[in-house]
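In the part that follows, the structures are each spelled out as structure tokens.
The following pair of complexes shares a single chain, chain A, combined with chain B in the former and chain C in the latter.
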Partner chain A sequence: MTALPTQRLESWRYTDLRALGAMSFAEAPAAFPPPELPDIAAPRLVFVNGLFDAASSAALPFARAFLPVAEADELPLARINAEQARDGMTLEIPAGVDAGVVLLVCHASGGALHLRHRVTLGAGAALTLLEVVKGEGVYWHNPVTDIALGQGARLAHYRLQDESREAFHLATIRADVAADAAYESFTAVLGAKLSRAEFHVELSGPKAHTHLNAAQLLGDSQHGDFTSVVRHRAPDCGSRQTVKSVLSDAARGVFQGRIEVERVAQKTDGYQMSQALLLSPAAEMDIKPELRIFADDVKCSHGATIGALDEEQVFYLRSRGIPEEMARAMLVRAFLTEALEPVTHEEAHALFEAAIAAWWSGK
Partner chain B sequence: MSATVETRDTVETLTADKYKYGFTTDIAMEEFPKGLNEDIVRLISAKKNEPDWLLAWRLKAFALWRKLEEPAWAHITHPPISYDELYYYAAPSGPAPKSLEEVDPALLDMYEKLGIPLNERAALAGVAVDAVFDSVSVATTFRETLAKAGVIFCPISEAVREHPELVRKYLGSVVPIGDNFFAALNAAVFSDGSFVYIPKGVRCPMELSTYFRINARNTGQFERTLIIADEGASVSYLEGCTAPQRDENQLHAAVVELVALDEAKIKYSTVQNWYPGDAEGKGGIYNFVTKRGACRGRNSKISWTQVETGSAITWKYPSCVLQGDGSVGEFYSVALTHNHQQADTGTKMVHIGRNTTSTIISKGISAGHSNNTYRGLVKIMPNASGARNYTQCDSLLIGDQCGAHTVPYIESRNASAKVEHEATTSKIAEDQLFYCRSRGLSEEDAVGLIVNGFCKDVLKELPMEFAVEAQKLLAVSLEGSVG
Partner chain C sequence: MLEIKNLSARIGDKDILRGVTLSVPDGEIHAIMGPNGAGKSTLSYVLSGREGYEVTGGEVIYNGQDILALTPEARAAAGMFLAFQYPVELPGVGNANFLRTALNAVRRARGEAELDAVAFLKLARAALKNLSMQDDMLKRNVNVGFSGGEKKRNEVLQMALLQPGLAILDETDSGLDIDALKIVAEGVNALRSPAFSALVITHYQRLLDYIVPDKVHVLAAGRIVRSGGPELALELEAHGYAGLEVA
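Let's look at the complex of A and B:
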């Protein structure tokens, strides 16, 4: 197997995979209690311990059979995935079709799982993909999702990462966005002992657009890393990114975000904001926003803040008769609002709201 | 658009050669054989009659340097540097001058051309200058006035002889000999530089200044500056640099160490105008500099201000280690790159003590085919309760063949600390340009005006004489960039 990346690699300087490297994973158990599924009326595709579970899934006209990965990969984790992948979702939405909502559920209870998902949208097609990953026990989930959006296509991609607190979750998501197409995504990071979501979005046609938001809610000694690279390769593209981290106990959050603007990508509009709330003295946040710009007629900005909850705001709410705990919950929820912006689908929004509320009360 | 292209072309032909410091001075020089080995290190040390401890220190640094690798993480490219092709020591030959009257008149003429008031009578009142020519300090002005206040301002080689206890205590205490490749190289072969000590409670009666000049061909300049502000002392220090125009690249690897004790304040300003190379990127100085200040004492303050317009490559991160409770670090920077210049510059603010604060204001301007990177680190250690950082990085792009990059690292391990960072990248707005043009300003002047406005937050931090020079420098460096 290809070696795991080490902290000597600049893109991995804040995330240490040695604990993962020291583990060995037995084959995933065959028997597994049926996964708890979100109550959303939509066709669903379910994967249990890395394999498609036809019994829990709905037949979907756009789903295709899994094909092994042929292409070589330069990202170490995607290379490992390519070597090991045995299954995954393949969706092909034909041009002009609005496929509505599709639910992707991945459940795990053990083993090293290298799912390879592929999503292709033809010109003018539309899809809302709601991805829920959950599990129990110790395992390593290393999914790779490759997304190709045709001209004018639109994919809303919502991810709820709620892995077992003992699990390792390292997801790679790559999207190629053609002219006038839009990739709108939001990731909620709640679970896993150590997690990383790594996005690579290529805006390859004029007027392509992406929203790349996330909320990381971490406690105990959880480590959550959100890494993204947005490459503007054509003129008039836009990218928007808001990443919010709320860290309690001894949790450690990482945000690395790079906006690249190539010479041809004039009139680029790029915006990136990363904010972290440290709720306890032992929490740590590392931020590395990066702009790499080779075109002159651009508007690019990034901002980053790290700090505690503003005690004056807490005081304001308390002086209005709101109990302290509720005041803090309100402020944290308000802090997350901007990140949730791309989630326009009502049921998906409700799902995230419930997950955030559950995290706060169980914190 | 064609009109502006035309303007640009005309201006470019008119100003093809405008680096006015590109002359060389012909005087007898003493050079050591080229190349670097232990013997050269011993030779430099012997030449300066150094004590054994300093020779041992140099040799240790040299041994470390041989094990280190040239850093490769910066956003710069250059052909490999052959360290064996360089001369590591060059000085005007003959016995060292005892006073200004004994200094070679050709040298004094050169400093005159550079506009440094070396001669006390002609000096701008209130500025004491230590001029470093290639490898040695040539003269230090205003020594008597300073001595009366108890301030020590002299070449570091002299300080080694006259004040060994101070030098030994602080040399390498901020930038250890093995800190990085270029710092180790400097520690091994540094030939001279300035030494400043401000005693307890003294406010330095005048601005101190050093002027660096590389003159000889194929030499590297490795000066070392050490400034110590004792309890309650304060000092403002200026540094300027130029070099002749040559086709080959020259190396400048300096180390600057600042130490501020309780309640002390050090303000360090640089106007760096080394030869940047010609329009095709031929020649120019490789400026690989390590600058760091330690705020050791309570409520101490170190402030770096730099205007970087010269050098083919700039690799420089003036930093502050905020150890003392309540200490303050500041970094104000303007970095302008044009033609094929490359700059990778920024700062590190390491918050260790409680209630430490730091401010970073960086303005990057890229024109021509240049690349300009801001790279910075703000690190809040677990004990730095109440620490505060504010960072603002703005980049301005002029022309569509250049690059502007921002790479900040922010690491916070204390929940009570507050860190804020913001960065923007844009070009000069058409409406601003139009407004100025409609008031009758030429395009060049309009750009100069807008760029100066863009840099105002930094320029206002410079001492007066330097601020005027810096503004002119920005305008000159930008000529031929409009399009």
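Let's look at the complex of A and C:
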């Protein structure tokens, strides 16, 4: 097996996988009490401990059988995934088809799970993919999702990472976005003892667009890493990233965001914002923005802030009769607003609202 | 009835209030005037329970209850309301959501039924209309991008909805044009009743033409140095504060 990345690698400087490396995972239990599914009226594909659960899943006309993986990339986790992957979702949406909403549910209760998902949208196709990952106990979830969007296609990809607090979650998402296509993504990071969501988005045709947003809500000694690389490889492309981290107790957040603009990618419009709200003195945030620009006519901005809740705002709300806890919850929710922007689907939005509220009350 | 007895307060090691004594009977409106830095805003913050102020002496009784030990939200539930000199911006918090959350929190604490979205909207629209405010104010984020006058009107809107028993208006008139001043004054006058009292902090006699106070007090260097009828405001307008500190 390919070795886990170490902190000597620049891209892994802030996330230490030694605790994961020291573990050995037994074969995942096959039987597992049926997981609680989100109440959303959409066809669903369910994976339990790394394997497709046909009985709980809908028969989707666009779903294909799993095929073995050939991995060309250097990314250590993608290589490990390729070596181990036995299953995963494969969706192929034909050109011009609006496939509506698909719910991807992954549940785990043990083992090392290397799912390989593939999503291909033909020219002008559209899909909203709502991905919910949940589990209990100790396991390692190492999914890789490969996305290819044809010209003018649109994928809304909403991810709710709500893994077991004892689990490791390391997700790699790679998207290739053709001309006029859009990859709109939002990730909510709530679970796992240690997690990383690593995005590689290639804007490979003119006027391709991506939104790469996230909200990390972490407590205890949770570690959440959001890493992105957006490559502008054609003119007139846009990328917007808003990553908000709310950290309580001794939680630690990481944001590494790189925007690369190739020489041909004139008129690039790139925006990246990382903001962290530290709710406790022991919480910590590491932010590393990076711009590599080789074109001369581009607009790229990035910013980062780290702060606490504004006590004047808290007082203003309390002076209107709003109890302190509720006032703080309102301000935390307000802080997240911009990150939730790409979530235009109503039921998905409600699901995230509920998850945020539950996080706050259980914090 | 609000009774402030010999109230002293400090910020850090700086004494700001040095024995303020004042009582506002039910149904009365009292004005507080006084030079910049006298402690007027400090008094309003101490009355509404803002953190960071150490009360070093005295007491504040509102409707028979010592309120200094209460949280800000408990004071609001008890009927106290502060219109801020500098209303706070809340990016990401919609004004309608804010107003409804506040109103329902206060209603809950007072043992009244909460309002659903429809009932709230009806109430809010009527209150907006009374204050000549546009409906789209409800859709915007609280005070974000509001003009100075719009912020002050938004304070009065909150007051109109929360129906306090005691309102403290801290320079609600500053930054208002003449028409807005009249509208705001009408908003206050509309609340006048035997169960409503107010402390109106202002630098200008002009506001007191529209909200006629029962009494005028001068706060200087952390103390009430003079009290009188509405004519005191005229006198101050003519002669300033010179010589008052020692009164």
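The criterion applied here is as follows: the second predicted complex is superposed on the first by the 362 of 363 C-alpha atoms of A that agree within 3 Å, B and C clash if a C-alpha of one lies under 4 Å from a C-alpha of the other, contacts with A are read in each partner's own complex, and residues count from 1 in each chain.
Assume a residue touches a chain if its C-beta (ideal position, glycine included) is under 8 Å from a C-beta of that chain, and two chains touch if they have at least 3 such contacts.
Because the structure is a prediction, the values reported are computed rather than measured.
With chain A as the common reference, chain B sits beside chain C without any clash. The partner of chain A that touches more of its residues, comparing chain B with chain C, is B.
Once the two complexes are overlaid on the shared chain, A:88 sits clear of chain B and of chain C alike.
In the superposed pair of complexes, A:110 makes contact with neither chain B nor chain C.
In the superposition on chain A, contact is made by A:266 with chain B only, not with chain C. When the shared chain is aligned, no partner comes close enough to touch A:124: not chain B, not chain C. Contact with chain C, but none with chain B, is seen for A:338 once the two complexes are overlaid on the shared chain. With both structures placed on the common chain, the touch criterion links A:330 to chain C but leaves chain B unconnected.
After superposing the two complexes on chain A, the angle subtended at the C-alpha centre of chain A by the centres of chain B and chain C comes to 80 degrees, rounded to the nearest 10. By the touch criterion defined above, A:219 reaches neither chain B nor chain C. Of the two partner chains, chain B is the only one that A:302 touches; chain C does not reach it.
For the pair chain B and chain C, the minimum alpha-carbon spacing after aligning on chain A is 16 Å.
In the superposition on the C-alpha atoms of chain A, no part of chain A is touched by chain B in one complex and by chain C in the other. Chain A contributes residues 311-313, 315-324, 326-327, 330-331, 333-338 to its touches with chain C in the complex. Every residue of chain A that touches chain B in the complex is listed here, in rising order: 10, 263, 266, 276, 278-281, 283-308.
On the chain C side of its complex with chain A, the touching residues are 48-51, 71-73, 75-77, 81-82, 84, 87-88, 90-93, 98, 101-102, 105-106, 109, 158, 162. Of all residues in chain B, those touching chain A in their complex are 73, 380, 382, 395, 397-427.
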